[in-house]
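Submitted below is the structure of interest, expressed as structure tokens.
First chain written, first letter: the chains are A, B, C, D and E, and each begins at residue 1.
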Amino acid sequence: MKQPHLLINRYKWYEIIGIYAGILVFLTFVLAPFVEGFLVSLKPLSQLFSSPYRFIPENGSFEAYRTMWISVPGFARYIFNSFFISTVVTAVVLVLVIPASYAFARFEFRGAGLLLAAFLAVNMFSGAVLLIPLFRLMRSLGLLNTYFAIMVPGVAFLIPSAIWLLRTYMMRIPRELDEAAFVDGASQFYTLRRVILPIAMPGIMVVAITTFIGSYAQQFIFALTFNSKTEYAPLPVGLFAYFGRQEVVWNELMAASFVGIAPAMIVIFFLQRYLVSGLTAGAVKQ
Amino acid sequence: MGQLLLNNVQKFYGDFEVLKGIQLEVKNGEFVVFVGPSGCGKSTLLRMIAGLDATTAGDIVIDGLRVNDLPPVKRGIAMVFQSYALYPHMSVFENIAFPLRVEKMEEAKLKAKVEHAARILHLDQRLQQRPGMLSGGQRQRVAIGRAIVREPKIFLFDEPLSNLDAALRADMRIELAKLHRQLKATMIYVTHDQIEAMTMADRIVVLNAGEIAQTGAPLELYHKPANIFVASFIGNPKMNFLPVTCTAVSDAGVEVAYEGQKALIPVTPRQGAVGKTLTLGVRPEHIQIGSGDIALTVAPTVIERLGAQTVAYASLDGEAENFCATLPGSAGVRPDQPLVAGINVADCHLFDDKGISFERHVELTDIDMNLLNPTAAA
Amino acid sequence: MGQLLLNNVQKFYGDFEVLKGIQLEVKNGEFVVFVGPSGCGKSTLLRMIAGLDATTAGDIVIDGLRVNDLPPVKRGIAMVFQSYALYPHMSVFENIAFPLRVEKMEEAKLKAKVEHAARILHLDQRLQQRPGMLSGGQRQRVAIGRAIVREPKIFLFDEPLSNLDAALRADMRIELAKLHRQLKATMIYVTHDQIEAMTMADRIVVLNAGEIAQTGAPLELYHKPANIFVASFIGNPKMNFLPVTCTAVSDAGVEVAYEGQKALIPVTPRQGAVGKTLTLGVRPEHIQIGSGDIALTVAPTVIERLGAQTVAYASLDGEAENFCATLPGSAGVRPDQPLVAGINVADCHLFDDKGISFERHVELTDIDMNLLNPTAAA
Amino acid sequence: ADQEISWIYCGDKIDPIHEKYIKEWEGKNPGWKVTPEVVGWEQCQDKATTLAAAGTPVGMAYVGSRTLKEFAQNDLIVPVPMTDEEKKSYYPNIVDTVTFENTQWGVPVAFSTKALYWNKDIFKQAGLDPETPPKTWAEEIAAAKQIKEKTGIAGYGLPAKTFDNTMHQFMHWVYTNNGKVIDGDKIVIDSPEVLAALQAYKDITPYSVEGATAYEQNEIRAIFLDGKVGMIQAGSGAAARLKDTKINWGVAPLPLGPSAKGEGTLLITDSLAVFKGTGVEDKAIEFAKFITSPGPQGEYELQGGAGLTPLRPSAKVDEFVKADPSWKPFIDGIAFGGPEPLFTDYKGFQNSMIEMVQSVVTGKAQPADAIKKAAGEIEAFK
Amino acid sequence: MSVQRNAVIFAWILLLPAVLYVAAIVAYPLVDTFILSFTDASLKKTTNWVGWVNYSKIFNATFAEVILRTFIWTFFSVSIKMIIGVFGATMLNSAVPGRALFRVLTMPPWIVPMAIGIFMWGWMYNGQFGMISGMLQRFGLVDAPVAFLAQGSTAFWATIITDVWIGVPLVTLYMLAAMQAIPQDLYEAAWTDGAGRFYRFRRITLPLIVPSLITMSMLSLIATFNSFDIIWILTRGGPSGETTTMIIDTYRTAIGSNKYGEGAARAVLICIFLSIFCVCYFRLTSRLASGDKR
């Protein structure tokens, strides 16, 4: 192994063991349910419920990963819907949130703190309670049973945390950059577009990723209530198609979950550096 | 044209009065340096001229037009920020071209202008690089380039060199001075480094706690500081101060006593000084080893040998500040070995109990023929 | 005790050789300054001595013990970082007390030590404040305080003054020099500011691209630089260089020709120099107006008037660098008015085509009695 | 254009038999379309309610019959009166499950009853006669005890998780002891019959699967399928699954309590409710009756596996039972079965009942106290 | 002056789209909920204004229990999240080979649809067929299956742990980011002074991530207080109501029993509680931040 140049990062053997043990414990906690889920996905349905507990399933196979496509024929469509909805939601959130965060980060105006708190308050109401009023709203907007039925409320509930994150990031961009552009005669929109936007890109990436995931995996209740058309249903709703009247097709459900989150995992894998460094910048309080 | 008039300009932050009625006129083509300790309001004043900060009271007049309510771009100024404020995501070319892009200048003309500015600033080779790849001095020049292309009437600089190291700072000083002569534009330059002020300014404005302490040509401030504050701020190492007692006053000057020694300081006398405690000022470079009109025996504690000169620091009894002497070449002083420091009365400055100086009998025009018409040299 | 021996110390970053076999001995109580341009490896070397960076090859020996594999605390060193590295969440007291807390020193003793250090550094009034509320110079002293309390054998400083402004830097220089005399500890100090090097060092180590260019007392480097690199690095403004042709060699020195003028430079001659192009070096402070052994007619483009001295810069035909002269007081030079710059051969340096200097006939002990036993002064 | 009857259809996909008959009905009724929306079991009921509450009801929805009272009282659904002839076609007591204020509010579409399954191998292992299932609670408890003590295997599978089914399971015990929770408008839970049932719960708990409150019926069934419990009470679906295992099993009517008049069970039906205010109510009723008429319904419920019990007696059913005797106990229980008690706040009632059961099973309360507490609570949910 | 005013107008122009959007979509339902909380809204077609009745109905003996439980549940969940998050971040912040991969591996609980993650935990907790009980039996630590959701005590902790699991990735990531923002030279300085790894963690890392820790725990607190799916799917608030929190209670009332008015009153109450928390938070952080400025 190559030794690091920084001696402070050079570990004694027992420290290395300690760290890896720590990581092992931590990742065990984080991943154990997935191991369980994966094992379930490998078991034939008849062997799902058998004791004593066996770690390596008997007759394990990847059969469920094949049959899942057959028993819920629309599954590919659900994944596509999730992707499509999340992409649009992310785009809309960014369009709304970037200017708003900039305003919060840069301008001092009366009520800024209150407004920011109000945004946070949106998160304090749980979706379940707001369901019926929201439904009425969606209906009067004529959005029921369209992609918009899922996207529109999704955007609204993802805006607050996105503003919160991006604002902290933008506060770290030196104010002189705006001022320099101002002195040079750039309009404020021009400054936002040509100066702030490109510099805030890492922060925007982080917000984009968190919004995307929030929308990809977590927005279940709206999708379910405001949309009745299978062809628009996103992944989480689609997964519930594996719930039958009498029982759940557990192995296929788990297989489908793994297949469903794979695209997002791949995205994360390639963006993880960006994610951590972007958060870093945003994390520092002024 | 780039004339600037500050008429009783005031600035409050809440109840805190940062600038207390600044009155100043800057001529076209003049290089004016605002200097003063940290927090005295230099940046604030510059930003008010630029149009970045609002003015609480008073008028800012550029070329006869009151600009208080105009945005920066309409004031005909350009500003170079202490932090350079370069756009990290743009190439050097785009950074310099930014103001022109804002104006929507046509591509060919823009290119020509940017390249011209780059040539002046020796940046031709760097146009395609990002600011992150440049050294401090180069970044500085990019920031200046961005100001140049707009052809402003007035350049504003806020401590542009403070992020650079000593050698680079010296080089950039010279380049800026050359640039001033080349562009013949009005420049207003903020620094708290008195060497920069001395070397670049046609005229220095010394600010102290929101007020103008003195305005004048560099050597005027050096030789005839208006008060203790200016005297100690201008000159490096800074002036030594000794408490003296005024014993007599005559047309020839003021006679003072320091530890039993009497000396006649050639300054314009003032009534009622006799018997008071005054402050005698003498610059380190005016102290010589051996006797003088006043002689002090001091034991230097620290000796700095710069080769070209030697600086000796000593502690005087009862004084918090070091007593300092700059001696030519490799003077044969050694730490803790007492020596006699001689002071000539002609080199002395005298301040009253309020810190206001007595006018010295020095003819500035003898020292530098430019002094009384500084812009003629530019 | 704080003796340090670097024995053929090397450092690679990947394939990039940052330090190329450094050989150096530092005596107990010595104040050694590492100086060199940015990126030459000063910080790396210091960090290797501290035990922060790994050593690729060679030995680092402190007081006879090879410490390559010891952690910093076991090496008996203390380090002051360029960024101060103060703990923002702790008071000044706790910052200074940190090393003692690590040692689990008992409270009363700890308190006494911290307060003693604070007194030395004039921080008594600040002990309860957070670093964020301090000025740059005060922060600097807190960082030093943290180093002092450990009573290390060797202090390591990495550009401790580079974040301070000019006036503060001058003050801190003096304080550090005093501190060195007070503590009598070995100090190794990194800077790229040659003035700091000159004023504080017992001995300067000039680094260039990972190699030691020269080691010596400040005035030794000033008067007898070993090569062009050192010559141009030491001294401010930097030495002027002129291309000359060697016409003859004799015991008295080397005869060179510059634009038709011949002059005999009093240096120890070397074989095979005749006919070659050599480089003549002369410091700005050794140029006088009027005739000399060599005379140049130049038109200064920029004049810097510092009051105590005047610096004139001129461009020579075919040279990229400015030709610079430091003239005493308020010399009567004006921009663009040609003048004659005279150079005396006794002040001249001569370098061969590889940049190695010819030894000058100057007796250093004539200049400063301390020079050849520098630690005696400390 | 076509007029539409929207239908919230619970499940993962439309049953092919329903699909077939929708086509048929659409063929017979030109200009009408039935548009089922498949919603998972967990959410379908809530979704229908939400839509109705928000003022855009669906044409028709598949709901648990227990909610019909609440819907009806709030004027969300229209009555679907049955002719006497229609009523008669069903097994006894079934019509009661959709009846409130003397009229019918839904068309039964699915029906389930429970019977007792036992594991013959475990019985043998415990020294019990593998061919004689317990007939009374006392026998059942004794058998469970013997199994537990002799083999270490749990004797009985008692589901008591916070789930709908926990109350259902208890109601089976109530109905096999001639008990009642509500009579007309009167809460009668505080009766000796119900108390006996709860006492029996308490008695059998020690010999039941450890941690009853962690399991609902499907989990208990899975344990039975795994051969880890001696007896459970479950629907017909368990039989279909047992056929795939190596287990030696039998199914019998639910054991009876001391006050029983005959075999009993809880009759759970799901119904098609027709919502008010859609403008297609009449046509929806017509369709609902068609899709549950003996032909299509018979075909649908006798597929097996889904755990359904036939709604109506018929020759086909008899034939079916003959071919597979394991169906018999499910149908026999209907005679003395009872409906899910109808409450205005059914969920509130159910929560109280679950609470009552759990407090006894976990030993936190004595049966008598628990019933008293529940009786007080459910008064508010009428 | 005019410069200033322009800036304020511009700020509002920037804010307007987001504010209008959120107001349009969320404000109306919020206000509606607020109004609803003073009515007897239910499945009934007519609703009547009932004033404070819904609120007064809430305050009974079980509600006090529910509130207390909610606080305890939230407190433990948030604290454990923070502890594990900081622990994980510390581990992932060590310069050991493979850490990029490890970082990616922390994210799945965040990415997987929440319900699915909870189902997986349901499997884990299952006494007969689950991994935990199975492993415990395999290693002979228990001899009978342990059903973790059967007793109130274990179910309480089981739901907390699942909630922690879902929240941990974001906390870890955020804390990792905060740790990376600490200048390396502070650690080097401490090390030269002889501070060991643990000492450095305790005296430097920990105090310096406090502001981020507070921000995160704040956001986490809001989410945790309203954490619904976990308890609902795992235990439905049981057994014997021992995992019933305010949000479960609210859901049961509003959606389960269709008492929209009473449900709304509970929702408003939750918002009030959280607002009080937030105000305290702002107070706390502004004090800490001012003390910590560099």
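The definition used in the following text is that a residue touches a chain if its C-beta (ideal position, glycine included) is under 8 Å from a C-beta of that chain, and two chains touch if they have at least 3 such contacts.
Just so you know, these numbers come straight off a predicted model, no measurement behind them.
Asks: Among the remaining chains, which ones contact both chain C and chain D?
Replies: Output, common partners of chain C and chain D: A, E.
Asks: Find out how few touching-chain steps suffice to connect chain C with chain E.
Replies: 1
Asks: Quickly list, by label, the chains bordering both chain B and chain E.
Replies: A, C
Asks: Between A-E and A-B, which chain pair is linked by the larger number of C-beta contacts?
Replies: A-E
Asks: Using each chain's Cα centroid, which is most distant from the centroid of chain C?
Replies: Following the centroid criterion, the farthest chain would be D.
Asks: With centres defined as the mean C-alpha position, give me the chain D-chain E separation in Å.
Replies: Going by mean C-alpha positions, chain D sits 37 Å from chain E.
Asks: Centre to centre, by mean C-alpha position, how many angstrom separate chain A and chain D?
Replies: Chain centroid spacing, chain A to chain D, equals 40 Å.
Asks: What whole-Å value do you get for the distance between chain B and chain D if each is reduced to the mean of its CA atoms?
Replies: Roughly 93 Å, centre to centre.
Asks: Express in whole angstrom the distance between the two chain centres, defined as the mean CA positions of chain A and chain C.
Replies: That pair's centroid distance is 55 Å.
Asks: Any chance you could list the residues of chain C touching two or more other chains?
Replies: Correct list: 51-52, 71.
Asks: Can you list the chain D residues in contact with two or more other chains?
Replies: Correct list: 50, 53, 222-223, 226, 228.
Asks: Multi-chain contacts only, two chains or more: what residues does chain A have there?
Replies: 4, 6, 8, 48-51, 131-132, 136, 240
Asks: Note which residues of chain A are touching chain D in the complex, please.
Replies: Chain A reaches chain D through residues 46, 48-51, 71-72, 131-132, 135-136, 139, 144, 224-225, 228-230, 240-247.
Asks: In their shared complex, at which residues does chain B touch chain A?
Replies: Those residues of chain B that touch chain A are 50-52, 71-73, 77-79, 81-83, 85, 87-90, 98-99, 101-103, 146, 150.
Asks: Within the complex, which stretch of chain D touches chain E?
Replies: Per the stated touch rule, the residues are 46, 49-50, 52-53, 70-71, 74-76, 160-163, 209-215, 219, 222-223, 226, 228, 345, 347-348, 351, 354-355, 358-359, 362, 364.
Asks: In the complex of these two chains, what residues of chain E are touching chain A?
Replies: Touching chain A from chain E are residues 7-8, 10-15, 17-19, 21-22, 24-26, 28-30, 32-33, 36, 84, 87-88, 90-92, 94-97, 100, 102-117, 119-121, 123-124, 128-131, 133-135, 137-138, 145, 165, 168-169, 173-174, 176-178, 180-181, 184, 187-188, 191, 197, 211-212, 215, 219, 222-223, 225-226, 228, 247, 250-251, 254-255, 260, 263-264, 266-267, 270-271, 274-275, 278, 282, 285, 289.
Asks: Applying the document's contact rule, which stretches of chain E touch chain D when the two form their complex?
Replies: 42-45, 125-129, 144-152, 155, 235-241, 252, 255-260
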